[in-house]
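The structure follows.
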Amino acid sequence: MSTTPTAAASGGSYPTGIGTSDRESISLLGHDLAGELLGQVTFGELAFWLVAKRRPTPGEARVFEAVLVSLADHGFTPTAIAARLTYYSAPDSIQGAIASGLLGGGSRFLGVTEDTGTYLNAIVRELPAASTEWGDDEWDAVARDALRQTREAGRRVPGLGHPIHKDGDPRTPVIIRIATENGTRGPHLKLFEAIGRTQHEIIGRNLPLNGAGVAGAALADLGLPVKMLRGFALLARTAGLIGHINEERETPIGPDVYSSVDRNAVYVPPAQSTSAASAQPEGE
Amino acid sequence: MSTTPTAAASGGSYPTGIGTSDRESISLLGHDLAGELLGQVTFGELAFWLVAKRRPTPGEARVFEAVLVSLADHGFTPTAIAARLTYYSAPDSIQGAIASGLLGGGSRFLGVTEDTGTYLNAIVRELPAASTEWGDDEWDAVARDALRQTREAGRRVPGLGHPIHKDGDPRTPVIIRIATENGTRGPHLKLFEAIGRTQHEIIGRNLPLNGAGVAGAALADLGLPVKMLRGFALLARTAGLIGHINEERETPIGPDVYSSVDRNAVYVPPAQSTSAASAQPEGE
Amino acid sequence: MSTTPTAAASGGSYPTGIGTSDRESISLLGHDLAGELLGQVTFGELAFWLVAKRRPTPGEARVFEAVLVSLADHGFTPTAIAARLTYYSAPDSIQGAIASGLLGGGSRFLGVTEDTGTYLNAIVRELPAASTEWGDDEWDAVARDALRQTREAGRRVPGLGHPIHKDGDPRTPVIIRIATENGTRGPHLKLFEAIGRTQHEIIGRNLPLNGAGVAGAALADLGLPVKMLRGFALLARTAGLIGHINEERETPIGPDVYSSVDRNAVYVPPAQSTSAASAQPEGE
Amino acid sequence: MSTTPTAAASGGSYPTGIGTSDRESISLLGHDLAGELLGQVTFGELAFWLVAKRRPTPGEARVFEAVLVSLADHGFTPTAIAARLTYYSAPDSIQGAIASGLLGGGSRFLGVTEDTGTYLNAIVRELPAASTEWGDDEWDAVARDALRQTREAGRRVPGLGHPIHKDGDPRTPVIIRIATENGTRGPHLKLFEAIGRTQHEIIGRNLPLNGAGVAGAALADLGLPVKMLRGFALLARTAGLIGHINEERETPIGPDVYSSVDRNAVYVPPAQSTSAASAQPEGE
């Protein structure tokens, strides 16, 4: 547990580019909140600005809002069910129910957006400057190389396939179109589209680009740090969770989910073979 | 622990007005997500819609976005510091850092918005239909009554005063103006403004309307359920927390906060008088 | 948001009676952790000590351990299901799964222990010193008064009844016996037992003392602060949640719970009457 | 998002080896909770049992309790401070404060126990059966190999060094002694001790075995699954967090931590160079 303060603290001050306030004013991102931001920016624009530390252009804002809308909800996901069960158990603490839902936003669900952005960005960073002029053929060549290398490394390409939308995720072409119309379709989306065109050649079956993946590519093309993409997915999902919690308040499913699990519980004694040996070598 | 399923589950189905999906399409709020929502609504509009179960009018959307912007961040609050410390401890789990920050959104911080909306709504619900025609005098009379009753009950009026903005919160007049311009200034804001005009008469010192309170009044005037107002404050704060977490990633303060507390820790032995007697009657 | 530091900080130090450390030693509760605590106290004893700021007597420790054991798990509760769904969604973050489960420890589930302790303590605090000599008749009289007053106030008596164990909770007599044997049966348990004997007279039907309630009474008789009883229930439940998460890792139910809810989702359009009117007065 | 139920759900039942209940009884781990567990097992023993699915031997229980005690608290850690700030912000929701603290239990803090157990176990699994007869020389040879390979792979050996206890963590020898006395010192501890004897040769400076690491080795030698070791560290820390929250309730530091950070905030405008380029390739 580190006790070495960073240089920033040597004077005892805490630097921030977000917000400060005094008796008369509240400053946010270097602007007067009341006079310059309220009514002038949408919430989505502000969310972008808080991370990028610059205001999005109108085109960037439209793409960003669309991506947040695409990620806000996907029905009765495990995270929505967890939030509803938590609200049912502790209705006095709505913050706990939201937090409980967000905590499922890890590697399996909600992680695809960040994983895809990270995967693409690692390739995009190494491309030559001339790649801004490339056509589909050049991108397809890069995509094939990436797919092969990933496959050979025994890893999965993120952002491909969907358990329900097996013939194509309806969000994918719409987000690409919105990015194109607003001038933000850049190398991440171009590479992801190329992966979509070539993946069946390398993988041997058709795994269309999914909506969470295209969201990651579109956000990376906005210049947002790829390490924060999961954060934006979680922001979007917060809106969905609030909708679920409000619905749980009015027409709860929590009691039914609980009783359907509880009443169908069957006691199964532990398998002898797995109880003691997990961490032990043989012969112990 | 209830085992009685509600009527809704008698057929084994789980009703929802939010989202469902099949092989070809994703439906959200009864609309086709890809064809009818992406690029057509802002994230703020969708967040409103997910709870209200109706799309906001353009004027309502502007007010709602402004209120979310007003609540998104307030600098190094305890919740922002908690989120940063959690990110510092567990940088692999951004969802945990966001959740950690949101969990401070309880009664003391972030609760003012909901408390104010609830307080005003309890009065507004009982007003006569003719109140839509009232002028300031009638509202002031209602406000004085409410302030007196609250004071006599030994309770506090929520939404008044601010530890820093002692002469007036700069957000308050701007949100009232935006609501007025967009035609959403209704009974909650009118009553809250009347409380602002009359509070010093009853309370005996000046406690201006604060920004978290006016946010609650403005949201209640949009017809949103007052029990969900804390949820919207938490949604807004999620954007702020993501900004803080990103800043912590780049220029951390967590190590300094930690070491400044840890190095100044002083062991104080327990007071004998408080150790054992807390839950015991005297004489035990 | 308060900016007034308390007196304690005037010198810039942070007082604590818990732990401090230096280069050679770790001190916990004023004792040398390595030399005086490791191997000398059980984890349960330490948990008691950390709150009470005094080591429990051997009898107190036995009662405390038994109460924790009684609260550790109750099968597929909503909190256990939420923890499992969160682990399924984010298996890389076990802390998130535990937190998600604990967040259901609010007013409805897990709150009974604290509510019962608080209810009893409010009465016990006002009893005369002579109550230490009372027999059942005196306690029954106090219990009848309390039950009547609570009923007249339109409130519920906490700790009574159980949806499954309708004829009596099997934990209740055992915890009372253990407390009696270890000399910690005090006014809270005596009053709770009296409530158990008399509740049917006042309430008009039989609602036996439940295990969560008797746990609260037994903990309050140990002199633990009643405001922390929910904390001990949460500590106990953490052990149960870790068991559930480990089981989810080996034989998951999350995917089945998810698919059973998701596949039985039925879209229900919002009722027109409830969409806009929630926070609005009539006539708006 | 998977919609394929596992085989276990084909009959609509949910298997569990933890708990079930009916009208008369509560069963936990296949035993009658009231008749066979309450008062018969400590809370620590139950926590072991819930994961291992077998009751620990008396010796195993003593080691397990000692390890939990060693991990329960380490003063004003970032997680303890986060929990206290959350409690200060939302004192009505103790579960939120505990959860907020636990969420810092990730890779940087609290992760060492699991990381060390995992590191050792990967080596121990591959050892020959004859290793049960090995003396220090053979273990030292294995340790040197492991240290060299880890170093060559550019990775860190977990469980070594401590920012405060630079000359040796006082917990380490005590836990090794307790494990030895109770007959649970197995290959993980033997290997970890050998790493302690040889690390300075390979690493070139002295990094003594730390307490979190030795805890992981000792738990792995108890046969507990290494994937759950972080879970036990979190269970232990829950007791510490409850102590901190109770102390925050009585003698808060939250307001001072908050004001010391807030009052020392200094606005720093974003560096132009980092604002837009994070995810973009050069030339964009």
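For reference, chains read A, B, C and D in written order, and residue numbers begin at 1 within each chain.
We take it that a contact is a pair of C-beta atoms (placed from the backbone, for glycine too) under 8 Å apart; a residue touches a chain by one contact, two chains touch by 3 or more.
The shown structure was predicted, so the numbers you read here are calculated from the model rather than taken from an experiment.
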What are the chains that subunit A and subunit B both touch? C, D
Shortest chain-hopping distance from subunit A out to subunit D: 1
Comparing the two chain pairs, does C-D have more C-beta contacts than A-C, or is it the other way round? C-D
Taking A-B as the reference interface, identify its repeat among B-D, A-D or C-D, namely the pair sharing over half of the contact pairs by residue number. C-D
Look at both sides of the subunit B and subunit C contact and report whether the same residue positions are involved, with over half shared, or different ones. same
For subunit A and subunit C, let me know how many angstrom lie between their CA-based centres, rounded off. 36
When the centre of a chain is set as the mean of its C-alpha atoms, what distance in Å lies between subunit B and subunit C? 28
Subunit C and subunit D have mean C-alpha positions lying a whole-number Å distance apart equal to 24
Do you know which subunit C residues sit against two or more other chains? 1-4, 14-17, 20, 74-77, 90, 92-93, 95-96, 99-100, 103-106, 109-110, 164, 225, 251, 253, 257-258, 260-262, 265, 268, 274
Building nodes from the protein chains and edges from chain pairs that touch, which of line, ring, star, complete or other describes the result? complete
For the subunit D and subunit B complex, residues of the former touching the latter: 75-79, 81-82, 85-86, 88-93, 96-97, 99-100, 103-111, 250-251, 253-254, 257-258, 260-262, 265, 268, 274
For the subunit C and subunit D complex, residues of the former touching the latter: 1-6, 8-9, 14-26, 28, 32-35, 37-39, 41-44, 46-47, 50-51, 62, 65-66, 68-70, 72-76, 93-96, 98-100, 102-106, 110, 164-167, 170-171, 173-175, 178, 211, 225, 227-228, 230-232, 234-236, 238-240, 242-247, 249, 251-253, 255-260, 262-263
Subunit C contacts subunit B in the complex at 1-4, 12-17, 20, 27, 30, 52-54, 74, 77, 90, 92-93, 95-96, 99, 103, 109, 117, 121, 124-127, 129, 131-132, 162-164, 186-188, 219-226, 261, 264-270, 274-284
